[in-house]
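Below, chain A partners chain B and then partners chain C, in two separate complexes.
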Partner chain A sequence: MRDEGIVRERIPRGAPVNRPMRYSQAPAAWLLMTPALAGLLLFLLLPFGLAVVLSFSNLRMGSPLPLEFVGLANYTLAFTDTGLTRALLNNLLFALVVVPVQTALGLALALLLNRPLAGRAVFRTLFFLPVVFPLSLVAVVWVLIFAPGPDGLLNAALGLLTFGGWEPRDFLNDPFWALPAVMLTSIWQGVGFQMVVLLAGLQAIPRQLYEAAAVDGASRWRQFLHVTLPGLRNPLIFVVIVTTILSFRVFDQVRIMTRGGPQDASNTVIHEMVRTAFDQGHVAMGAAMSVVFFLVILGIALVQRRLLRQRGEVS
Partner chain B sequence: MAEVEFEQVRKAFGGHTVIPALDLQVRDGELLVLLGPSGCGKSTLLRLLAGLEAATGGEIRIGGRAVNGLGPRERNIAMVFQNYALYPHKTVRGNLEFPLRMRGLRRSERERRVAEAARALGLDAVLDKRPAELSGGQRQRVAMGRAIVREPDVFLMDEPLSNLDARLRVQIRAEIGDLQRRIGVTTLYVTHDQVEAMTLGDRVAVMRDGVIQQIGPPAALYEHPANLFVAGFLGSPAMNLFELAFEQRNGARWMQLGGDWIRLPEGVPQQSRFAGLRPEAFAAGAADDEGRITLRGEVKAVESLGHERIVYLRTEGRMVEPVPGGIGTSEGLLAARLTDGARPSLGETLALRANAGNIHWFAEDGTAAEGVDP
Partner chain C sequence: MNRWPRLRAALAYALLLAFTLLFVAPVLFMLVGSLKPDELVLAEAGTLRAFFPDTISLDNYRAVFERVPFGLYLASSLIINGLIVGLGLLVNAFAGYALARLRWWGREAMLALVLAVLVIPFEAIAIPLFYQLSWIGWRDDWLVQAIPFVANPLAIFLFYSFFLGLPRELEEAARVDGAGVLRTFFVIVVPNAKAAFASVAIVLFLFHWGMYLWPLLMTTSEAVRPLPLGIANFHTLPPLQWGDIMAFGVLMVLPVLILFVVFQRWFVRGVASTGIKG
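After this line comes the complex of A and B, so read on.
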């Protein structure tokens, strides 16, 4: 009672309650935010600003030429003289295949492992295990699986299944197979993550909704369409956005398994950037690519946001 | 429209039997309330009829057709769930329409029925809203609407009012009764609330441990409880139940009821071991004639409700513990509902009289003792 009286005296009716606090605590707040802000500035904004500036220069490692402004030359050259266009297309193809396939697989696994199966805890762990492995390690293992010749694991397995009808091939050096091989590795490694997120989503759907749908006459399939999928809307959105971003960031697998080859068949944007900037020392060109890449990702994020917002918010 | 029959229905979960062997007939167009404390198997019975659980044994028939092997969608029943189970991403219209779409009805027919249900339940204004935007009462009505658009053979309602506040509960309870009478669909209504059971049911079946204790019109259950459980479960406060002692004295039989020895009234059944008196059977003041008995006790509590007073007395005699789930008096106090002007004060010793004809007699095993009606 007494406290209430004091508070009412200080804060006029209708005023936002946190207003006086903000004034008095602002210096402390700024002080506390400083380390985080400094980190953001130092490690994100500054390098990116530097990249934008450098992308208009001719900076090249070990070059005797003086540093000068070259305008948009790096941008035009990036699309004509480097593997950037091909890499962008590869990334697009990668995302178009991996995002739906991996999400569908993750959903299938989640549905399967949400049922009362014997040993489902074991299966859940097994399917999630690759997510915890370092990507580089996963890539090395898959290099062994894709090994060329009849003794390569996958070749040998396919040979066995087709009673010797399979022609052994060098998957990672085959222009047709190199990118799918990287995709397969990525899906295998990432599907457990989707599974876990969607599993949590499934368990949040009340059982009574399924019972109501069954009483209302919905078949299993229609229960899936009308209860499960809408119930998983938010986890699905999350999973799709995360996987899309990861699809455009693919680097480790490519670096270890194919180095972007053969003939850029499995090259990706980040891999091309690293190759240009560090392998070839063409820093300015790498910077220009990273700016282009940033704009592409920004565009995708904006489109996704708009698409998802249109369908309306569901609490 | 259909009658519902359970014949020797058994349900066990794992090795745990919930319903041992149950026989029940629900008449066509009747509203039957399944009443009992939580865990008595009433909801399980409903789920067995809905097809959400499979019976371990026995046969369930809807309209004469055995439905044991059929899934929920082939039984043509509609169910209102305790938490309504509305589809959160669908609008009210989408929710109402859903069972019709699942049955492949034409669009024009769907719209006609949805409009009809919306009008009957006063949902016209909220048809395009989602459940999250509705009040509790509106959600309840949508759940009802989703059940009636189907024009099912049987309605199942699983504690449909338990999520509503007291005022709304009274209002919607009346609406449910009204609606059921209007459309005349056979209805099974599960509740643990005796007021709902008494006011809604054409007949009430009181259940305990998977066994129907008694079934009949509400008034019959109240006036002639078949056993101690039903006697103690119905009524608020519950019936006062006394353990009896008998003695032969001066050539007459005497009975101890609530501490006092009294001459055995006429027509007491031979095998009586317990006597029950409803709180409203009492009046203040000692008995002055033969047909009445007197009870005395110290006033422990008085609840004044304006038009009546509920007085709790500590008597000498042994009272039977109130039934779990029933609204019994605690600690063996006697409850009396006094409507005359008496204003007893705490600690005072109060004499109460009751008509011996109002006593309910029960045998050793708890069933109502058969006897000559006095």
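After this line comes the complex of A and C, so read on.
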């Protein structure tokens, strides 16, 4: 990331500036750009505009009513009459738990693997493995792990760890446990991503900094605080932001494991959007939820930009 | 600095092994479950037999093919992902090259557009896109699951960054020899950009192989449904046979695992550089 600015300065943008152009590059450039541009316009910008337009309408699948402009009705109703508010809170809770836990775990794994250990590559592969698993498969496997009754894998493991003190429960049908179960599944699948990004960040910290700190008599803990953490600033911001955004995009696990239940306890914004627009055919309301969801993501992206820019001003 | 080097190493290993157990247990559980008689998968889940079975058979794998059209799911997934990766490499590399190397009116605006749409997550447009394409009657086939994902702002940006860093002397030599833009691109640029093509291909494949929301919205016939939808439906198909479901899972992840083992370096690098994986 830091290299990019250097590269841009070294190589001037555009065509060779000092040499006379023998022919215009514009026709070729447009020829190369058109397929991608067409795709972005038709399948990204058009539906994006449509989301905004539809969110002010009364569109329902198979409804005989004429299409009308209804103002902000969908937005106000979405927050009062649907599961959206609860879903947003669930997503927020999801982010508040998963982001710190997954980042801390990823950092711990990266620190463990950032030392000359035999079998380091094997460990790294094993921890990264779940990242390549499709979420739908991960969700189905964890449904089995969370199986109710004393025979369920997790129930049995917890019973073993507590010497039989654990009361077996039906995690996915329990209003308290449903959301944490989805969180645990997501952490297991995603932590390898944090690990590889932070490991790359650790390896980019110059060794001399640690040597200098050691010469100055800094303890391991102080080295971690004053060399490692500042050196990991940008990778940490990156993984925290990416995980936060993913926390608001959660859908596959919820749809497969709990369908948002019980009583919306594990419902999420995207799940509520699909349920409203697709299962119930209320497209306009779903479009309004899409816009709300996008605004949340935009807010997170703006925070990221601000954090990274501060860094630029300091250095 | 290191007062107890051996103790530290032992501690690190102990921690790593503990984590390994946690990470590997679900995968092993799936693999072992796929080899056991259906009724034993859940019954033995609470015992060590969950990981060390006493009887092993491939019956569940046969059942997968008999009970659901697994071959069709696999074919659909391969076709859809082949289209996305194949066309995606071409279309996005074209755009990235035009943005990084050519001088043309509109370049700055196009670059700004690509960077701006990067922030739109697919979930934000899934519902209107579903409505838009249903409205023109385009749904329930392979193409509708692939074509909307060919042009990808992230892939364009990755190609753009890579082409910016390529030394331009080679291209200039080709131009001096009279080669046009397209010829220069295919003969000079593509062979020197294998790393970028590999990274983008893996990122596109990894992301779309697990795609679940879009096929859920757009397909109704089993013949065009991909594997993620297949396993989600299979896992609710009575009678619930966990051995069969785990066998489905193993078969489903096998193509990705093979690619992962062969191209591991690119996987890690690609994923680390983008962070698009859900």
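Definition applied: the second predicted complex is superposed on the first by the 285 of 315 C-alpha atoms of A that agree within 3 Å, B and C clash if a C-alpha of one lies under 4 Å from a C-alpha of the other, contacts with A are read in each partner's own complex, and residues count from 1 in each chain.
Keep this in mind: a residue touches a chain if its C-beta (ideal position, glycine included) is under 8 Å from a C-beta of that chain, and two chains touch if they have at least 3 such contacts.
This structure is a prediction, so every number in the text was calculated from the model and none was measured.
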Clash or fit, chain B versus chain C on superposed chain A: fit
Touching partner for A:P206 - first (chain B), second (chain C), both, neither: first
Contacts of A:L77 with chain B and chain C, given as first, second, both or neither: neither
Touched partner set for A:V240, first chain B, second chain C, both or neither: neither
Which superposed partner A:P130 touches (first chain B, second chain C, both, neither): second
Touching partner for A:A214 - first (chain B), second (chain C), both, neither: both
Partner chain(s) touched by A:L93 [first = chain B, second = chain C, both, neither]: neither
Touched chain A residues, chain B compared with chain C: C
Which of chain B and chain C A:V227 touches, first, second, both or neither: first
Geometry of the superposed three-chain model: angle at chain A (Cα centres of chain B and chain C, steps of 10 degrees): 90
Three-chain overlay, closest Cα atoms of chain B and chain C, distance in Å: 5
Contacts on chain A seen with chain B and repeated with chain C across the two complexes: 214
List of chain B residues in touch with chain A within their complex: 50-52, 71-73, 77-79, 81, 83, 85-90, 98-99, 102-103, 130, 132, 146, 150
Residues on chain A engaged by chain C in the complex (per definition of touch): 4, 7-8, 11, 14-16, 19, 21-22, 24-26, 28-33, 35-40, 42-48, 50-51, 54, 59, 108-109, 112-113, 115, 117, 123-145, 147, 150-153, 155-156, 159, 188, 190, 193, 196-197, 200, 214, 220, 238-239, 242, 245-246, 249, 251-252, 255-256, 270, 273-274, 277-278, 283, 286-287, 289-291, 293-294, 297-298, 301
Residue numbers on chain C that touch chain A, as the complex places them: 1, 9, 12-13, 15-16, 19-20, 22-24, 26-27, 29-30, 33, 41-47, 50, 90-92, 94-95, 97-99, 101-107, 110, 113-114, 117, 119-121, 123-132, 147-151, 153, 156, 161, 164-165, 168, 172, 175, 180-182, 185, 206, 209-210, 212-213, 216-217, 227-229, 231-232, 235, 242, 245-246, 249, 252-253, 256-257, 260, 264, 267-268, 271-272, 275, 277-278
Residue numbers on chain A that touch chain B, as the complex places them: 206, 208-209, 211-219, 222, 226-227, 230-231, 233, 314-315
